[in-house]
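Here it is: the structure, laid out below.
Order as written gives the chain letters A, B, C and D; numbering starts at 1 within each chain.
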């Protein structure tokens, strides 16, 4: 009996492998003040190293006169060390005053997930990662509560409890930062973590802390957004994933989504519907980030989806 | 050549006629403090007058303990005067301390549309009305500018210009109110009218002035919401139709909708995309209102869609 | 430090309890040929037994002249045996030639989930059930493969493997039916079960087998819908949950949803995006079914959402 | 009184002017078999002519190994004749075996709109064009009925009636083609035109006839899609805009959108809701086409939105 399952499964697995470890696939994420010749220079750089461009997204912000590009290419002739490309590109980028990163497309971002008691966002990230949706390595989970350690254990992820209080917050954050440094964490995901990080903490991971806020920002900033939405009588609720900055709920927005509600929906229904939004929006933001598809443009993002 | 057009056209026209003038179709919109026996009493009232319920929506607000119902029924045996039903129902409703209205389902609400210079919302309402989408009679258009008089003339609607200034505002509003009273206007539609109505004016038409705000309220209240949205870098923009109350942008929300935007969208693109939202959301709100599908519940609405 | 979490958590837990076991809350799902007096009779029946209606949805199909109603009410004075209400209502319903069911609103539907190798739909149902989103009891899981037994074990659900082949299918189905009968299963959920059930099997659970089809039906019936969609170049893909009938992919549709795709999306991307649709749409259909919100109207459904 | 209207209006008008006639802005739409060096060659070509890239979208179809690109650039130093750029680029493109077009970004596509009796799509296109949303010149309207001549006259567009019958179809099409040729029509928009064009006609305008089909293709091909949808009991309806090919309803899809329906919606409600979809989807497709954002890839499209 020929079963579709097998076919589609095989394709998925193939792609996961491809997504994985190809040493000759590269991604460049690059921004600088706009000027003529940028695409020409970058694409020539790739061509001269036998690269074939697979995917290229470009954007010029007409207000800030800033140039943004993401290029993915492969070198069919075989493995090329990242360090070699990186060293060759450095003077080019330097001449343009650019911010940039260069990665193997198969490299996995090491992340830490911060949680409190809600399980839905963590559950979503762990499950998606288990079927290969993200090019990330979930190195560890940090929480101010022990509740979700069982879930972490299911997926074999180390779970660290820091019982943060108003009194010990500074001390706890220092210990967390030590742990993150020791584990070479690149990106932090706040998966409904109910503590506010200090500015000092945030400054250590610029554009590398992803939060999910359970409202359609900038509507309903601060606490209890579902209750605020219920009391205002909105007909649509939302969720927003953004990079964390010093200003609470003000960081560059990565992704938002919404769902309809009506007078029939109780506050509890809003919370239930919102859970689905939160986990999907956060998962999408993480996927975009881990695939190096996001550039920060001042208080906004350029997302090459 | 059998053409689908003809068939679907015919159906549409039939429905318009049905929607029109049936003197034996009634709609009751009713709310009161919740208590047992309300549905039983109302449905028995209808049944005893040979009515057959076509459509019934009910809601109990579990917080405010308030009962809301909309019932549409017909009396197959033939025409029944509205006044007769109304008089019979009055003591029933009175016993429950209810707010209510009773209408022939085919009756047309007399409306006035207020506009400034943007044509898109007015255009939408006039066109939809011309093909029979709303059970309304557009009695007149009020504007603080002459620009849209040509559009009004196309559809044969009287157009009144009131050149409102900060100085003459009170006087102008009094003249507007006289006109509205003389023309027996039931409901006012603010179709991107760029003037703020005074509290005195608003008080004369409680839950009968419909506004369209070009943002996803409560995000971006006040002026220039598209610019605010552009600068904040949101990934979704919205529009909100609400009843006007004394508090600007705070009235009960009737309908909202959204559209995705990205870093590629300029402010001008947001305005363009928003135009589509504004006219669709306002048109939907007007249709719901004119079909007697909205009840106000404090600062919120119950919409029986 | 006042934390929002606690508040919203508490509310959610309260609701779960309320949703649970209230012996004086009832739900009636009822349909019959339309005639005057139906709402009046049913609401009077409830009122005379001290019931207070919490929620009422009604629909009359104008083509089939059929009446549909769902009423939820409570009896504040205390516990009333379901059997007593049921016995009293039986002659009433009988007089109208009605199909109907009467349930305690807190009663839990016993379900069996059928799966093959994909975990996403099963994962979703088990997790949602674990946080109290469905009023169901997942009594057992049936599969033609052993793969997902680990997942079942995590949630403590018995997992039964039936290695169905073209040859032993009839025999296997008989054994499955025995198991389902022994376990008093009310509803079967096909959570990407890759076997086609025989007509005999389907006939045993009319409108009580819920399937998820990974396309926007009636587009892309049959096998490999994502591949079909990819090759056709559609800009939107969908998923459809429906009751299973003898005609494959033709059963009454319960719920559908969609997501945008573009030329950038590979077949693998379609499968990934579709996974999210499938699990959300199936979960929603199951929630509606378990809350007794669906009535079948010929080849269509009436969904009182 | 500072009024937002004025500000946003001014911006919009500025953009319209910019969109208009800038002789130093160019758009290249280009596709060829994929190979290394394509982006490098094209971007170098632009750079060497003092061009500054404003917008670049690129796609490689990994199945067909085909390269697609759209580049928009300006030459700040002043006006450059299109013919000069075109002549210089010709040998470059030829070497790659490319299909391509080169346009001034401000050039207006000359279109003909074909209609029957429904006004909603024509109304939408004429109105949007009147406020500058499309870079098109609507040269004429063709119809098999006189009904919409009044609407055409409002916007000052010539209206030509061809009373097509089964008998005279070939003759009528020849006359239509003569008219289109005489008027130098580039693109034809079928705005709910209820006649099927012959293969001969279609062959004359490859990928330059845009149709709107009132269903979510490939669901409900052929006639009466709303009736089909109503009878199937779908929970979502759609509309599809596509290029016309010889195979009816099989052409490359440009854009699709959907709206929710429920058991409450009559066939007439589906038609009403569908009207909104049809006009928005067709308008979006036309805007994409007129802005040179669509490339055909076999039976599919690449849309650089």
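We take it that a contact is a pair of C-beta atoms (placed from the backbone, for glycine too) under 8 Å apart; a residue touches a chain by one contact, two chains touch by 3 or more.
Because the structure is predicted, anything quoted here is derived from the model rather than measured.
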{"item": "Label of the chain whose CA centroid is most distant from the centroid of subunit C", "value": "D"}
{"item": "Interface numbering overlap (same over half, different under half) for subunit A and subunit D", "value": "same"}
{"item": "Chain pair with the higher count of C-beta pairs in contact (B-C, C-D)", "value": "C-D"}
{"item": "Gap in Å, rounded to a whole number, between the CA centres of subunit D and subunit C", "value": "42"}
{"item": "Intercentroid distance (Cα basis), subunit C paired with subunit B, Å", "value": "36"}
{"item": "Interface hub residues of subunit D, defined as touching at least two other chains", "value": "55, 59, 62, 266"}
{"item": "Partner subunit C, residues of subunit B touching it in the complex", "value": "34-40, 43-44, 46-47, 50-60, 62"}
{"item": "Parts of subunit A lying in touch with subunit B, wherever the complex brings them together", "value": "59, 61-62, 216-220, 231-236, 238, 252-258, 262-264, 266, 297, 299-303, 305"}
{"item": "Subunit C residues within the subunit A interface of the complex", "value": "1, 3-5, 7-9, 11-12, 15, 55, 116-120, 123, 127, 131, 133, 154, 165-166, 194, 223-224, 226-227, 264, 266-268, 271-272, 276, 280"}
